[in-house]
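Taking it in order: structure first as structure tokens, then the write-up.
Going in written order, the chains are labelled A, B, C, D and E, and every chain counts its residues from 1.
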Amino acid sequence: MKKVLVLVLLVIVGYFLTDTFNLIPFGENRIGNPQDEQTVAGYYLNNTVEKTSVANTVTAIVVNYRGFDTLGEVTVLFLATTGLGSILFRRKEDEEEIERINKPSSSLMQTGSRVLFPLIALLGIYVFIHGHLTPGGGFQGGAIIATGFLLMLISYKNFKAGHTMLNWVESLAGITFVSIGLWGLLTGGTFLENVLPAGELNNLISGGVIPIIYIAVGFKVAAELTGVLDILLNIKPKK
Amino acid sequence: MQNFEQYNSIITTGVYGSAIALILIGLYAVLIKKHLIKIVIGLSIIDAGVHLLFVAIGYIKGGTAPIFSPGNEDAVNKMVDPVPQALVLTAIVIGFAVTAVALSLVIRLYKHHNTARIDQIKSLKW
Amino acid sequence: MVISPVHYIAVPLLAAFTIPLLSKYIHKELARIVPGIVLLYSVFVSIVLMMQVSEVGVISEKIAGWSAPWGINLMFTPFSGFLASLMSVVGFLIWLYSYNFKKIEQSQSQKYHILQMMMVTGAIGIVLTGDIFNLFVFMEITAITAYSLTSFYRERDGAEAGFKYLLIGSFASVMILLAVMILYTQLGTLNMAEIAQNAHLIPTPLRATILVLFLVGFGIEAEMFPLNGWAPDAYSQSPGPIGAAFAGIVVKAGVYALIRVIFTLFDIHGAYDFLIYGGLITMIIAETAAVAQTNLKRMLAYSSIGQMGFVLIAFGIGTKTAIIGALFLMFNHAVIKSLLFMSGSYLTYNSLNKKISALAGLGKKLPIVSLLFGLGAFAIVGLPPFSGFWSKLYVLTAAADQNMLLLIMAILAVSIIEIIYYFRVVSTLYYGKQEDEEIKVQKPSINAMVSMLILGATIIVVGVYPDIITHFLNNAADMLLDKASYIQAVLTQNIN
Amino acid sequence: MITYVVIFSILAVLLVASALYAVIQKDLLAAVISTGVVSLILSVFFYLMQAPDVALTEAAIGIALTTIIFVITIRNTSRNEDETVDNNLEKF
Amino acid sequence: MNSFFLILLILFAGAGLSFVLGKISSIISGTVAFLSIAAASALFFTQIEMGSFIEFSLGGIQLQWGLNSYGYLFGIIVLGLGTLASLYSISYMQNKERTSGFYFNFVLVIAGMTGIIFANDFISFFIFWEIMTWASYLIIIYSGKNVKKIGIKYMIFSAIGAYSMLTAIVMIKGQYDTFLISDAINAGAFNFIDNIYIPILLLIGFGVKAATMPLHVWAPGAYNNAPTSFTVIFSGAMSKMGVLGMGLVLGHMFTADRSGSLTNFFSGFSVIYLQQTIGWLGGITAVIATLYALIQDDAKKLLAYSSIAQLGYITVGLATGTKLGVMAALFLAVVHGIFKGALFMVVGAVERQAGTTDMTKISGLIRKMPFTFLTALISIIALAGIPPLGGFVGKWMLYEALITESNSYFLVIVIFFSSTAAFLYSYRFLFGLFLGQEEKETEQVKEAPITMIIPMLVLAILLVITGAFPGLIFSPIATAMEFIGFKDVTWNMSVLNNVWGNEMNLTYLGITIGVVFVSIFAFITLKGLKGTRYVGTKDISTSGEIPYENENLTFQINFFQPFVRAAAPMYKRSMNKIWNELGNGLEALFNFTRKIYTGNGQTYALFVVIFLVLMLLFKDTLFV
């Protein structure tokens, strides 16, 4: 009965979604001619290089034009970690010896992770350092680094993500982001304003504060995601 | 490229269709499946569908990624819309955060009720 | 440094990121104190900006140096500023109240305070932002903190409530995302002022779809029936002060978003009717559900939902008087419901199932808290000379101006139901006979007392002399109705 | 062009199929892996639609991290949807 | 400072002060309450000029406070009775708990009523009305007895009344864009032809306080449950606020100029119809309440029902819409305030001294409490409408108005029946408490303290005076009636001539009445002082007959049994039951609707999707 109702509802929802997207042709140019700067997207495409010297327009949008969103997004991650910690909080008294895994991982896995981890971390760092030039950036790099940590966390029984280190990275990265914003507010007049010189396109050091912010985001995301994994992995499994 | 028109409808159907299908499948899981993890899976499938739609609306036929590489500076007219991509980036991360919180709640619910079936977890009602 | 709206967001964020370090390396008490300082600073910012805005009209701030359609902007108008100030004040009082509300572990306490602070920040962000996607991001900030705080206590069924909230909340975010997406394809912009300016260009079927998605999405946050299944659970299972925060802050943000969409973005007649009917059904169902509750917090939750329905009705009427009434209602609801949740939490401090019958005879043991609860109960049902009366009067007057006799009757009939269950609690409090075994009472701490007394005093002062805030309400209502000046203020902003 | 369309169609079918599989499969671990496959294909789609940034993000977060937190959750709860068969993960 | 503000400030400050000081001592608290009310009364009668008013705005609404002749009439009742009752309270409440709360609310009720009298606009009227209501609610539940049964019922009915009033107020605002009572009247808001809803809603609102059928069910319990020193105010003054409002509405309705709308046959008809309805409601109220008063064993309950019956007369009088009828009603209102206040004070004194008001338990208090008895006697004479006291004048005028001016013969029969039956319960009251043989249980009873005796005697003396010189009250009533639309009320003889004859001078009549009364009183007292043989009430000779097993020989129980048996069918159906059924039905309904919240999160999600689908299906019709 309920299934039938749901299926009917799904059919209707599907009909309306199809109906709606029929009116939005796929692959059509809705920006118009960027040179006209009619739309926001056109403005971005047309002005990014000139005004920010950032090759990757998406990065420019994420970090600069809509940097406020990104700040919020980083905050969401931060809050998710905090919330996760509070939801899965264990009291000291009912905390027993945490058995992360029932059996130690095979040595193959351990060695593999040990070799892979620096490489993955390096890749991640590369991704977010070059965020303004190539595809990728803070989120992607951070997530990649977090997968590296994941590997270590599940291979080594005693590998601790290093709460102190995590805390520091997390906090400092966040503070950096907001401080840059406030710096912009103090010197340029608006929050997150790009107060550093834009530099030259396609240079590693270009785009003003954009790469700095993206690196901070990268570290922040990596730390948060690792934190999430760490909390989840530390739950005592059910017997 | 001359064949594009005749394949266009296939691709349109493919992208929009699969995105809408993802949303519906996810919705089905959320509304019918009793297991909490299945419901969360459903939610993330819905999210995936929405993200796909989001990227799809920014796509422009024959466009290139909105990245200026050396020697490509005048490709502005061919670039796809970068704004939806930026929004999807944000949305994906937020979706992940929500999923993480949801799963932690599932774990706690399971410990509390010793079950993960949503129809058995209703101590709060009326 | 010039005080600007972005301080509302930047300072709490900076603090939130810093608190883990501060508490670890300097003093662990800082984890609880710093949020309070930050929220107090928000109150200060509110005062400064409210003074400024009454001179300037609109304070518009660009983020990252990009003016309106290109970048995100914050709009501190008399309307949004009123709500932001309300939220910051209530947020600060909630912090004050929960400073040593229950004995919990240091690390939990730290998380609690960070989450509570960010909840306020997220809600203020929703209210201030001028960008629809940014609004979504802030809504997610608020939502994530709300999910976590709902399931904060392990002893209660918080996780259940939190999961339901999350499930429905995810629906809301999906719908809002879809709506933003369709909107973007049509107008190529995310700035609300520009959307408002060009909304009439959208083809009608798409515009209706967008509106439906927005209404349902924000309707979930605004606790509209039948989208509010999560609300009673979340209110009743969250820590006491968070119940107050839901009523005073989170729902207000949801209603703000709904109102912004309807009033500014899509000025469509049907949407106002939607508000009236949706609000009416919400109010009737919630208030009738509250009558038979045995759980105090759940009763307060249903009452809160009902009040939000009333707010929606008031906005739906749409005239200036009605909007003044609606804003007054929001103010009252924030103040009074916070007071009720705060005092109610102390009344049921050690009771696990928060039964109303367990309140019997507490009037003697906790005289001041009981008195404050009684005051809140009297005020929320709209008895003069407390503040609840004025808001009701304004809304009814506005409804009468529009000749909505049946609506008036329905509102007042529901008010009678409200009287029944609130007075039942109050009479149990003072004259009830103890039936179950005695539950140890907890005397409120001084800071909680101060917080409650401030709210109580506000109720009386505003009730006796409403002119204190009607001036602000007047400006806010003018601003909300003056769509053109909002658009103009956003789109012609220059470097200030 | 035809190859492109064929690959594309296969991917689309796979995408929907794996999503369906994720929903109907009783073994939650398989369902989660299937969800990972959805993310994987999605990531390819993003790449095809000229959104490399999104593709990268989806790859890192959708495929790896989301899947792994699902797996951790399953380890902490039950593996089978019906909860009748108690076959928790021994290890992973 | 303006006197209006000053009076209310004194009252509110007195309320707050007595609340705070109540923590120290009940007597101090009571004294403060008395002093503040007395001070307010003194200011009211000396400082405020009739017709003066002040204007100010609150919350963007123009408010006006003032004093008109109509308000002044009720001000006499409220503040006069208030002062006496608060004096009376000091001793009455002496040894009770939570007196601080009692005095706080007591003074608030007085303040609320004073505010109602001052209010020249609907908003302040409503505010003070509500203050009065909730403060009285708090006093009713003050003792902690029957909180759920009576307190909630009182609050629900008060709320129904208040909210119908509020609806009417906002409708007036909506239609005439004014909150001022005078503006609304001038605009014709009470003109039944143009506005059917506004007067009816207002009448419902005032009818609740005036305990008119079918909105009366709260009254007996509430009157009985409140501490007696408050019931004095409750029955004597607060119910008159309902009369005030009804008089205002009905007066303006009946005197409204309908020359313009007379062409419409139905419109003229509808006013008559309403008039008849209200009159009959009042009549039925009077009869039913009288019947219930008969079967009460508790003196306080008896008086409670009696109050309702008297209010029924007043309603009938107001509903006649003629000069004589309205005058009778207002006269009855004032006199009722005095004698019912006195009677409740008597009951309070008995309650305090003897510990109970149950008429089956006590009797023969005449020797123990002579002053109390004196007050009771005078008041009962007034209540029963026996000449020469005020009750008779009022009732006579009422009959006359009904017969000569509105031709409502059936209503007269009903009223007359009720008045006759009132003799029975009046007798019962007097006999049950004071006459008859002394009981063993009441041997230790002493006369009430002086602070209770003084107010009682003051009221008794007032009764005699008003009975002798009804003109003393007619003069303010005549001016008051001008305010509610009855112009040129000449009360000197021309109106009264039908009662007392053209030639007779009231002063001489008064003196005669006084002489007769004093001699009767002297006779009774002297007779009472002489030693008589006292036998216990249960010590009854059966004149040699063997009583049947189930025959009740103690006549104090089932006092009017034959009568009650005769009227048994009348007791079967009660409004109370109907309301209770309604309440239960609604509760069941509410219990059903809340099942929507099933507790299953998935169901909630389903609701969301269903709602979304519905909205999508109708989006093109809803949002164009």
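Going forward, a contact is a pair of C-beta atoms (placed from the backbone, for glycine too) under 8 Å apart; a residue touches a chain by one contact, two chains touch by 3 or more.
These numbers come from a predicted model, not from an experiment.
Think of each touching pair as a link: the shortest run of links from chain B to chain C has 1 of them.
Annotation of chain C and chain D: jointly contacted by A, B, touch as defined at the top. Here the chain at the heart of the structure, going by C-alpha means, is C.
Taking each chain's centre as the mean of its CA atoms, D is the chain most distant from chain E. Centre-to-centre spacing of chain C and chain E amounts to 44 Å, using the average Cα coordinate of each chain. A straight line joining the Cα centres of chain B and chain E is 70 Å long.
Averaged C-alpha coordinates put the centre of chain A at 30 Å from the centre of chain C.
The distance from the centre of chain D to the centre of chain E, each centre being the mean of the chain's C-alpha atoms, comes to 77 Å.
Within chain D, contacts with two or more other chains are made by residues 51-53, 57, 61, 65, 69, 72-73, 76-77. In chain E, 594, 597, 599, 601-602, 605-606, 609-610, 612, 616 are the positions where the chain touches two or more neighbouring chains simultaneously. Counting partner chains per residue, chain A shows two or more touched chains at residues 2, 6, 9, 13, 16, 24, 30-31, 40-41, 44, 56, 58, 66, 69, 72-73, 76, 79-80, 83-84, 87, 135, 139, 228, 232, 235, 238.
Chain pairs that touch, as defined above: A-B, A-C, A-D, A-E, B-C, B-D, B-E, C-E.
Every residue of chain B that touches chain D in the complex is listed here, in rising order: 1, 3-4, 7, 10-11, 14-15, 17-18, 21-22, 25-26, 28-29, 33-38, 40-42, 44-45, 48, 51-52, 55-56, 58-59, 63-67, 79-80, 85, 88-89, 92-93, 96, 99-100, 103, 106-107, 110, 115-117. Chain C makes touch with chain E in their complex at residues 160, 163-164, 167-168, 171, 175, 204-205, 207-209, 211-213, 215-216, 220, 226-227, 229-230, 232-233, 266, 268, 270-271, 273-274, 285, 288-289, 291-292, 324, 378, 383-385, 389-390, 393, 396-397, 399-403, 405, 408-409, 412-413, 415-417, 419-420, 423-424, 427, 430-431, 465-467, 470, 474.
Only residues 606, 609-610, 612-613, 616-617 of chain E touch chain A when the two sit together in their complex.
The residues of chain B lying in touch with chain A in their complex are 8, 11-12, 15-16, 20, 23-24, 27-28, 31-32, 53, 56-61, 63, 65-70, 73, 76-77, 79, 81-83, 85-87, 89-90, 92-94, 96-98, 100-101, 103-105, 107-108, 110-111. Chain A contributes residues 2-3, 6-7, 9-10, 13-14, 17-18, 21, 24-31, 33-35, 40-41, 44-46, 48-49, 55-58, 61-62, 66, 69-70, 72-73, 76-77, 79-80, 83-84, 87-88, 134-135, 139, 201-202, 221, 228, 231-232, 235, 238 to its touches with chain B in the complex.
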